[in-house]
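Two complexes come next, and they have one chain in common, chain A, joined by chain B in the first and chain C in the second.
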Partner chain A sequence: MTMEVAVLAMLLGVLLGLALAMVRMSGNRSVTWFAVGWIELARNTPALLQLFFFGFGLGAFGLHLSPFMIVLCGLSFNNAGYLAETFRGGFNAVPPTQLKAARSLGMTLGQSYIRIVIPQVLRVVYHPMTNQMVWSVLMSSLAMLVGYRELAGETQFLASKTYRIFEFFLVAAVIYYLMVKLILVGSRLLSWRLFRY
Partner chain B sequence: MIEVKGVRKSFGDLEVLKGIDLVVEKGEVISVIGASGSGKSTMLYCVNALESIDSGHIIVDGVDVHSRDTNVNRLRTNIGMVFQQWNSFPHLTTLENVALAPRIVLGKSKQEALEIARKQLEHVGLVDKLDVYPSRMSGGQQQRLAIARALAMEPNYMLFDEVTSALDPELVGEVLDTLRLLSDEGMSMIVVTHEIGFARDVSDRVAYFHEGKIEELGPPSQVLDNPESQQTRKFLANVR
Partner chain C sequence: MGSSSVFTGFQFSDLGFLAEAAGRTLLISALAISIGTFLGCIFGWILSVTRVVGDATLGVVLDVFRSVPLIIQLILFYNFFPIIGFDLNPFAAGTVVLVFYTSALVAAVVRGGISATPSATRRAARSLGMTYWQDLRYIVWPIGLRAVLPSWAGVALGVLKDSALVSVLGYVELLRASQILITRTQEPFLILIIVGAFYFALSFPISRLTARLERTWQYD
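Moving on to the complex of A and B:
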């Protein structure tokens, strides 16, 4: 459950983050305020409060999400805010002359982005994205506070049932550690394959 | 033939091209000299539609570059361009750098594209660097890679935008030698440069740009050695 919600929230976060980064870079005033507001809130308020907003906040307006949806929305919101800035930095790191060079060879705008710009952006954002994925897994433990039974929630449930609090949370910590380690090792292996230059 | 007719172009309030007229015949090498900000690079960018123009026309082999109906992507395959910042694609090997556009723009097969790339890299003397990434090469080598990459599209014209300005002095020679080679092979070229000696050696004509206009245009023996214009004389005195 932990991995499921963390991975989904990461995927949504990447898509929304890309959209936010593009909106922010577009310089169109009527929409940038929205992206800037989202990014500011996501980065400068505690993730727990963001979860509470999607749970109790929307609940106060009569919109009741399932615990799973609360967690998914909250984590996606947070991921998107951080990743938007990561992506913006990534695009800024590729010199605009790379696009010019690609266009001068007769590539279309789409081809230039897909073949030339995005592969270079990917390299810049790859490790920050890995970090965000780890963060996404660890943050998912906050879900137990809105009643979602992922790893931490389940642990608390079992711990309070058996009074073996320390043992259960120790096991949970080891599981979190192993999950994160798996992500990091996987990411390292993939990066060796992807980035040969 | 490249025909530049009455081209004007402004960036905001600043008019950088104030009516440029220039004809480049097939096989001709034209060097463009002048101070920074005189509009020489901007004109190059307008010739292959990387910049728009405000008025006038640019016609390349009968195609109106800035007409709405023009397919700029097809047009650009006929006009190779090499930049001051060489812009090799860092995530591709030398061979892939050159083979990419023939494959995805000209629709060549992978085999054909690699063959073309190998041939052009041999042409510029990089045949021993085929599988190397650009970050492992000198600026001069990367600039020659950029030349090979443009040549792989088999353009009729080549535009060079201060291609030696960002290079360490000891690397300038190898790039200029490559340009000389192309000129000997009959390539039509517009070369924006600060290398006056080079301009004298290879150009059929030299254009001196001053504040968005062509101040003087003629054979190197005239423009570089016996300039008629006071401005040209002043500029040349400062570069030497």
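Moving on to the complex of A and C:
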């Protein structure tokens, strides 16, 4: 459950973050403020507050999300804000002449993006993205405060049932630690394969 | 009494309550950031000096603080002391956990800062007759500070926001205050917006300032 919500929030965060970065770089005034607002809000308020907002805040308008949706929306909102800045940095790191050179060699716009620009961007954003994935897992533990039963929520449920708070949370801590290590190892293996050249 | 409802709407005076709570958020984060940074500098220096041995001991311990969700750390720590017969108030428990959490993050930053100085530069300093500490103070510190100040500010901002989690232990900081008000007023949307604005007002200036420092320091 933890992995499910963390991975889904990460995927959504990547998609939304890409879109936000594109919008912010597009320079179109009427939509830029929206992207900037999203990014600054996501980065300058606590993730827990964002979760509460999706939970209780929207509830005030009669829009009741399920605990799963609260966590998913909150984490995606947060991930997207951070990733948008990462992607923006990534795209800025690739000189525009690269695109021009690819185009003048006869590649189509799509080809030059897929073969020239994106691989270079990926190199820059790969490490920050791994970090964000770790954050996504760690942040998903906040779900226990909005009533979603992932690892932390289930732990709290069991702990309050048995009054063995310390023991249960110790086990949860070990599991989180292992999950984070697994992600880091997996990401390193993948980066060997991806960035051989 | 009891004419209509036990709930009373949001009043102007509640802003004072929230401001007081924001002060507590600021207090606990300032404590965590200052003490945590101090410890983090020491830990980071130890890590950079001892290399393998440090990585295998201190490095592993600090890594745990970064790999376990803060909320779990808080609950564990808060519930550990009653087991060994101490009673810890939420403020103390929250501060201690935040301090170690900060120091773990800062240690990684400081270590990066120390390694940002090329070893040739440091050898040159020593060859000129500087002591080890002079080398650290006059060579490594200015170069490293410039390299890692943005990441340190990122950590500080993170801690400011993560201090919201201390509310879980019952310490009435900004987020907890919002929960109390929501229970009384039943106006969650309004109050969450106001509290969001408080956090934004605390955090946004620092993040702007850092972004500016990051830009201007690149050119000199």
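Note that the second predicted complex is superposed on the first by the 196 of 197 C-alpha atoms of A that agree within 3 Å, B and C clash if a C-alpha of one lies under 4 Å from a C-alpha of the other, contacts with A are read in each partner's own complex, and residues count from 1 in each chain.
The definition used in the following text is that a contact is a pair of C-beta atoms (placed from the backbone, for glycine too) under 8 Å apart; a residue touches a chain by one contact, two chains touch by 3 or more.
Values in this document were obtained by computation on a predicted structure and should not be read as measured data.
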> Which term applies to chain B and chain C once both are placed on chain A by superposition, clash or fit?
Replying inline: fit
>> Quick test of understanding: once the structures are aligned on A, what is the angle at the Cα centre of chain A formed with chain B and chain C, as a multiple of 10 degrees?
In response: 110
>> By the touch definition at the top of the document, which applies to A:Ala101: first (chain B), second (chain C), both, or neither?
In response: first
>> Going by the contact rule set out at the top, does A:Leu72 touch chain B (first), chain C (second), both, or neither?
In response: neither
>> If we overlay the two complexes on their shared chain A, which of chain B and chain C does A:Leu41 touch? Say first, second, both or neither.
In response: second
> So, does A:Met144 touch the first partner chain B, the second partner chain C, both, or neither?
Replying inline: second
>> Tell me which partner touches more residues of chain A in the superposed arrangement, chain B or chain C.
In response: C
>> Tell me the contact category for A:Val125 with respect to chain B and chain C: first, second, both or neither.
In response: neither
> Closest Cα approach between chain B and chain C after superposing, in Å?
Replying inline: 21
> Is there a shared patch on chain A that both chain B and chain C touch, and which residues make it up?
Replying inline: none
>> If we count contacts the way the header does, which residues on chain C are in touch with chain A in the complex?
In response: 64, 67-73, 75-76, 79-80, 83, 157, 161-162, 164-165, 167-168, 175, 178, 182, 187-189, 192-193, 195-196, 199-200, 203-204, 207
> chain B touches which residues of chain A in the complex?
Replying inline: 95, 97-98, 100-108, 111, 115-116, 119-120, 123, 195-197
> Inside the complex, what are the residues of chain B that reach chain A?
Replying inline: 48, 50, 73-77, 79-81, 83, 85, 87, 89-91, 100-101, 104-106, 133-135, 146, 149-150, 153
> Where on chain A is chain C touching in the complex?
Replying inline: 40-41, 43-49, 52-53, 56-61, 134, 138-139, 141-142, 144-145, 152, 165-166, 169-170, 172-173, 176-177, 180-181
